[in-house]
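Note that chain A is present in both complexes that follow, paired respectively with chain B and with chain C.
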Partner chain A sequence: MGAKTTTDGATGSRWLTLEGLLPVAIAALIFAWLAQAIPAVGAGEVVRYSWDWVPSLGIALSFLIDGLSLTFGLLITGIGALVFLYASKYMQGHAHLARFMLFLVLFMASMLGLVLADNLLTLFVFWELTTITSYLLIGFDHATAKARRSALQALLLTGTGGLALLAGFILIGTVTGTFELSEIRAQGDVLQEHALYLPILILVLAGAFTKSAQFPFHFWLPNAMAAPTPVSAYLHSATMVKAGVYLMARMHPNLGGTEIWLWTLTIFGAFTAVFASFMALKQTDLKQSLAYTTLMALGTLTLFLASDIGYAITAAMTFLIVHSLYKATLFLVVGVIDHETGTRDVDRLGGLARAMPVTAFAAAIAALSMSGIPPFIGFISKEIKYAAALGVESEPVFVIGAVLLANALMLAVAAVVAFSPFWRNKHLAAELSPHEGPWQMLMGPVILATLGAIFGVFPSLLAASLVNPGVAAILGPEAEPAKLKLWAGVNLPLILSIVTIALGIAIYIYSRPMRAALQAMGERLVNFDRGWDRVLDGLKWLAAWQTDLIQSGVLRRYLFITFLTLLIGIGGTIIAKDALSVTVAWPDLLLKHWVVVALIVAGAMLTLTTSSRIAAIAGLGAVGIGVALIFIIFGAPDVAITQLLVETLVVVLFGVAALKLPRLDDSGRKTHRPLDALLAVGVGAIVTVVLLMVTAGPLDRRLTTYFEETSWPEAFGRNIVNVILVDFRALDTFGEIAVVVIAALGAYALLKGRKQDDPR
Partner chain B sequence: MNSIILLAGTRLLVALLLVFSIYMLLRGHNTPGGGFIGGLIGATGFVVYAIACGTETARSALRVAPEKIAMVGLGIALFAGVMAAFFGDGFFTGQWLFIGETEDDKGLPLSSVLVFDVGVYLVVLGSILTICFALEEAV
Partner chain C sequence: MEVMLSVLVGVLVTAAVYLMLARNVLRFLLGLILISNAANLTIFAAGRLNTSAPPLIPEGAEAPVGFVANALPQALVLTAIVIGFGLFAFALVLVFRAYEALGTLNSDEMRVAEPVEDER
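Presenting the complex of A and B:
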């Protein structure tokens, strides 16, 4: 997305369109509505709304506002409003601006539903909706193959995770007997002690890890940067990818607190964080670099959610907010740079600060917060992270090592992203001609960056309103959150901070040689993205192979396999159940019955022996009419009429088709005949046996009696067959006639399609 | 097929079959018949016509493309099911209107069930003619 659509930001009023303004207003209104709940939630209240949705399945449309969901809700709507404003300008002049904004608003609504849901299945529905809207947004630029591929990759990966999540939720529902999160929570440690705990944990974490792009499912996130920048800023840094983190935080009381939870999250989180930081340094594209730092943040959040100590959860909650603020800012800044210069290659950019002072200002503050430099909120967040790492139950040295390395690399990346383009002395290529972005695109970065600074100086604002209620929502009201302080005295975290800063600066200075080394190394490592392609190719190959195997295109083989399956299925069941009990008695038949039987037998024999197709068709017709006669004799006129009419039409159809078919005595088919005959006799025998067994027992007449009794009083019809068809079983009939239409259209397409292929 | 007997017979038969098909459709609720059978009879009429006079003539006599008839029929059947929603009942619950109802006589019954059966009639008629005409044209 390097298109410079309209670079003259000053031309005023065209952005004031419905599709530009309405989304901003919606997001801002929801933000304001949520914000008024801050005092109540801060005081420990929990607001709950519930409506019945599918009561028979225990699914309610219930929403819960507590510290955790409120924090997420405010981030989603607040950053949403700013991103929408930004997007209305960024995408101005795009032919599908309205569509783009609609997708964004739909995404926001899904995400809000996800974090506010108090019912596991409601949560799951919104979870899938975020997957779908994210697919639409990543693939928005659908004319390019890369966007399509990235969108599909994200959809398949997160969708697979979503399926696992659904399975996990259903297991939770069977264990606890409810899908309401608040009720599950009230049950205490039921899940952790249940035998199904491990499968539940694996399934739920599979959902969370794919959504939040934890290693080894990380590769879709950097690819998702194919989306327009506002999408990257909103979905793939501030909100959607946090859905997995949200889920882990939400399930923390129910699934957390065990050894396996602690170690799984610690190891995956730590590895993702460090791995992603190195990858971030490797990139030259600013957006790619930021994408990997998002992975690092997600890894860090996972790492801290592993623990149950107050410090760790406080660290997670604080970092969650801090990261959203600075990462959205930086993405938006990169978007401004891209929009105004046409490139985001860090090697081509430099000295932009003079031309874009406001952007440079926002970028600098966000980067300082990201690097953890005082007095910004990022510093406090980093201090808490170190304090928490010192106290975790798993392995403090390991956690501190991972966090320290990730933070130092983060500082270096922050410098690369926010310092190099603006302050580095570099002569810009003339065609870039940078200038400041329009105000709509600056408002977001400036507000978000400034918030980072304000919270840094007054951390208690954040602590009282969001962090502490959030910690209480995860750990319970009696939990003790860590205090957010700018100056906590000279202690171990402070020393670690100083080490981080020194290490980070060193990495930045040597970033170019390091990048070269990493790129060289990256060539030799396993490439997950390419591996993904191979998996998809394998899947396609498998599909092609089995289609070739099953779909031979030879009608005779289809029929043979179908009837063989019938024979083996029924025969096998009878033998396996040892159910064979046939008593053959001489039937008590009248002359008219014998005539019908003779007609059917004669028709069948004619069909078998004749070498003329027309004769065979006539023989088959005789069989059909014989069957219709049986229906008439035994009092089923409706069925008989239908049978007669269908028989007539079939003869006509066959008669027409016969003109095109090869002769019956064609030598190729002779070789199949013995085998076909064997199968036919077998199927005939097995069906006879089944019929004899069925009629041997007493018929269950309950349904028949019901229909006989209710047909007239309730459905006002005396013809039971018809009443069943159009009233009692109308839905079935509807399905059947739908099949009839589809079959007709299929036949039509085949016949007409063939005609075009071979113009005669 | 150029047979004068068939051609002459067809004129009578087609009209009879079509009237009979409607008759079967309408009486179906109480006596043998119904949308399915009616549709089959109606289709038979047009098939006979197509055999005698060619599919092109039959198509123009039908006026509307058979595949469209089938689709419209499916839509009517669906509508009959959805109709119940307007009265607060479950999907496909029959809705009845008795015109001129007295103590011991139900009068003229009209129902969503009949609408559904008309849908079935059109689906069957349209589907069979779609296949038949296409097949005859392909050969």
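Presenting the complex of A and C:
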């Protein structure tokens, strides 16, 4: 997984390359550009850019910078720049470094487009682009089966969610009449009060939950750790998995505020958070551990987005930033450990602090922030979370319980991930030979961790620049965000914090036996990953089954189904529309009419029943001549001549060919097919009925009249049929000639091919 | 006459469908010819059959004199006949070649493209 390269650069592969540095520069520039918008957005301003894309469908390339999208944009580009720098060193010497960096930049661009989009369909396009680019990144190590499977799993799962999301967006568009988020927002509670609210909510949440890996769609995220560590640090901590959270926050004004929103998000979020925390404790791989804590964070964010009180949204916004900072740090730290020692197994690591002091420092700060220890920003975030939980509309006790349990477990996991490898007293195996990582890989962890500490001491920095504008973007400008304070006095949240810390430490001390117990229990629980395989197997089985059913390879069955469909389609429509109105006025027919009809019927019956080839040809000839006679009787001499000519050709050709072919039936064997006969009679009857209905109605002769009137003055022809063919509809006739030529060429090729491979 | 022709077309279609569902592909071809005849008659009848005067413009006139047959379906049927012939000719050669190559006219035994899997 981690591309283990020599770290001292002595191999001759230079680190200072275009593909290594250009991505960093791009990300840093966008970050700077976004950062200069902080004061304006902080003052309540909203910046909007719009270009027409597909105006006929109401799709515009419109982008909006408000508190919410700015926060996400800064996280994406800021962490992006640091991760890119890190990746350029981590992947140095890799044969496909340029490809890797390109994927990363493409992903960043898609993610930026997603969070900045103001048009739902634009948002959807970028949403899918993140799915595709993340597929490429997760499966970057494509030589291993695990990476390929994980990438495909993530693609299918989030892609399915994406389809649901598109359906939801289209429904929103039909309800509100616009795809512009800012316009939808201005309409107020239209969506919540609409009859389609429930389907819209389900579809949109299906997209958000799959992307943000909420239970029961959680299993793709830990699997996605098959990606190189910079990818995990970037996509699966700070950005891509937050896309679902972003969507919920973005749709909060339009879909939130209802009972069902409140309870769905509360239950799914709380369950995911607690479930993931236990799972995190169970892992021995550092990266897997972190993956599950990311799940916990996503669950917590969902939980707080359920509510629409200021405290809860403030908690969500704060925790969003805090989590991105410490989680990216920890992932990068794990990458450094992996890079320098070659293992991520927590049981094999210990005492790294002496060899890797800077890494240990960054890890410690991030872990303290993650654990919610003062004076780090994580502490403030935790306090706010408790304060918010005390005020939620759903079930404060339930929410507090979930948050408390998750936080305590988080503390334990933080200790396992960031404390054990560095400070635990353990003799390292000699082949690990730890040493400090290169500066490019330390810069990210150190800066991000330090930011966590700075924001902890000066929380107002964060509050004024990002949190409060973000809350305003979700709840509206008049919302009251909670104040971020390091010391809020002795109150219930503080007491809960102390309980959390005590509980967390206790869990850490007993983490080994607990892990063993959890692992034993995990064997007996439902395994969603394996369930996924079963779902895929089921799909393949279904595909095979229906292919066998529909595509039997038997020509007769295909034809039977085709004719049956015709019968049911037309007959069913007539019955369903109650349109059957056949008035049979039996006309007085002349003798010649009877003769012709009798000739045709006799010919058809002969063809139908005979097993002699000659008789069949004779029958066909009778039918053809009869049809030609009908054309003559009813004023179509040209058609009749053509019919006679073609009919003669058909009989001759058929005669020549049939004489070289065997008899129609094996001797003495004549099968009757009652079912086929029934279908044939049905189809014949329906054609008769349709034709009766057509001829009973009025005839629109406008086109005929036009041809009659213009044939001579405009085309100088007295035979109207001929004029139509060679003048008015000349292109049709040209196409007809082409068909005949192609048929002739095809027939010629078939016959010629025979001579070559069979010199008979 | 349209009523009569409607019934006639129904009979032709019935015979054609039954033939096309046969195992023997030569019978299928017979059905194909019958059904294209039936289709041509359908188009023709849909244009109404209430005169025997062909759609011609006499010398010296600008438009047809009196009521003449509907020219439009005639033009369509003319095209259909020729294309039907092309289809038939190609299908006939195909059947002929298939028989030469596979030694059978039974479509159930023509399984080169979609072989029967043993385990089904």
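Structural remarks
Heads up, the rule we're going with is that the second predicted complex is superposed on the first by the 542 of 760 C-alpha atoms of A that agree within 3 Å, B and C clash if a C-alpha of one lies under 4 Å from a C-alpha of the other, contacts with A are read in each partner's own complex, and residues count from 1 in each chain.
We adopt the following convention: a contact is a pair of C-beta atoms (placed from the backbone, for glycine too) under 8 Å apart; a residue touches a chain by one contact, two chains touch by 3 or more.
From a predicted model like this one, the values you see are computed outputs, not experimental measurements.
In the superposition on chain A, contact of A:I633 is made with chain C only, not with chain B. By the touch criterion defined above, A:G538 lies against neither chain B nor chain C after alignment on the C-alpha atoms of chain A.
When the two complexes are overlaid on their common chain A, residue A:E709 makes contact with chain C while staying clear of chain B.
In the superposed pair of complexes, A:V740 makes contact with chain B and with chain C alike. For chain A, the partner touching the most residues, choosing from chain B and chain C, is C. Of the two partner chains, chain B is the only one touched by A:L659; chain C is not.
Of the two partner chains, chain B is the only one that A:K752 touches; chain C does not reach it. Look at A:D727: by the touch rule set out above, it reaches chain B but stays clear of chain C. Judged by the touch definition given at the top, the superposed model places A:M605 against chain C, while chain B stays out of reach.
By the touch criterion defined above, A:T648 lies against chain B but remains apart from chain C after alignment on the C-alpha atoms of chain A. Chain A residues 637-638, 642, 646, 649, 653, 657, 660, 718-719, 721, 725, 733, 740, 743-744, 747, 751, 754 lie at the interface with chain B in one structure and with chain C in the other. By the touch rule above, chain B contacts chain A in their complex via residues 28-37, 40-41, 43-44, 47, 51, 67, 70-71, 73-74, 77-78, 80-81, 91-92, 94, 96, 106, 109, 111, 113, 116-117, 119-120, 123-124, 126-128, 130-132, 134-139.
Within the complex, the chain A residues that touch chain C are 548, 551, 553-556, 559-560, 563, 584-587, 589, 593, 597, 600-601, 604-605, 607-608, 613, 616, 620, 623-624, 627, 630-631, 633-639, 642-643, 646, 649-650, 653-654, 657-658, 660-662, 664-665, 671, 673, 676-677, 679-681, 683-685, 687-688, 691-692, 694-695, 699, 701, 703-704, 707-709, 711-713, 718-721, 724-725, 729, 732-733, 736, 739-740, 742-744, 746-747, 750-751, 753-754, 758.
Residue ranges of chain A in contact with chain B, taken from their complex: 637-638, 641-642, 645-646, 648-649, 652-653, 656-657, 659-660, 715-719, 721-723, 725-727, 730-731, 733-734, 737-738, 740-741, 743-745, 747-748, 751-752, 754-755. Residues 1-30, 33-34, 37-38, 40-42, 44-49, 51-59, 61-64, 68-72, 74-75, 77-79, 81-90, 92-97, 99-100, 105, 107-108, 110-111, 113-116, 120 of chain C are the ones that touch chain A when the two sit in their complex.
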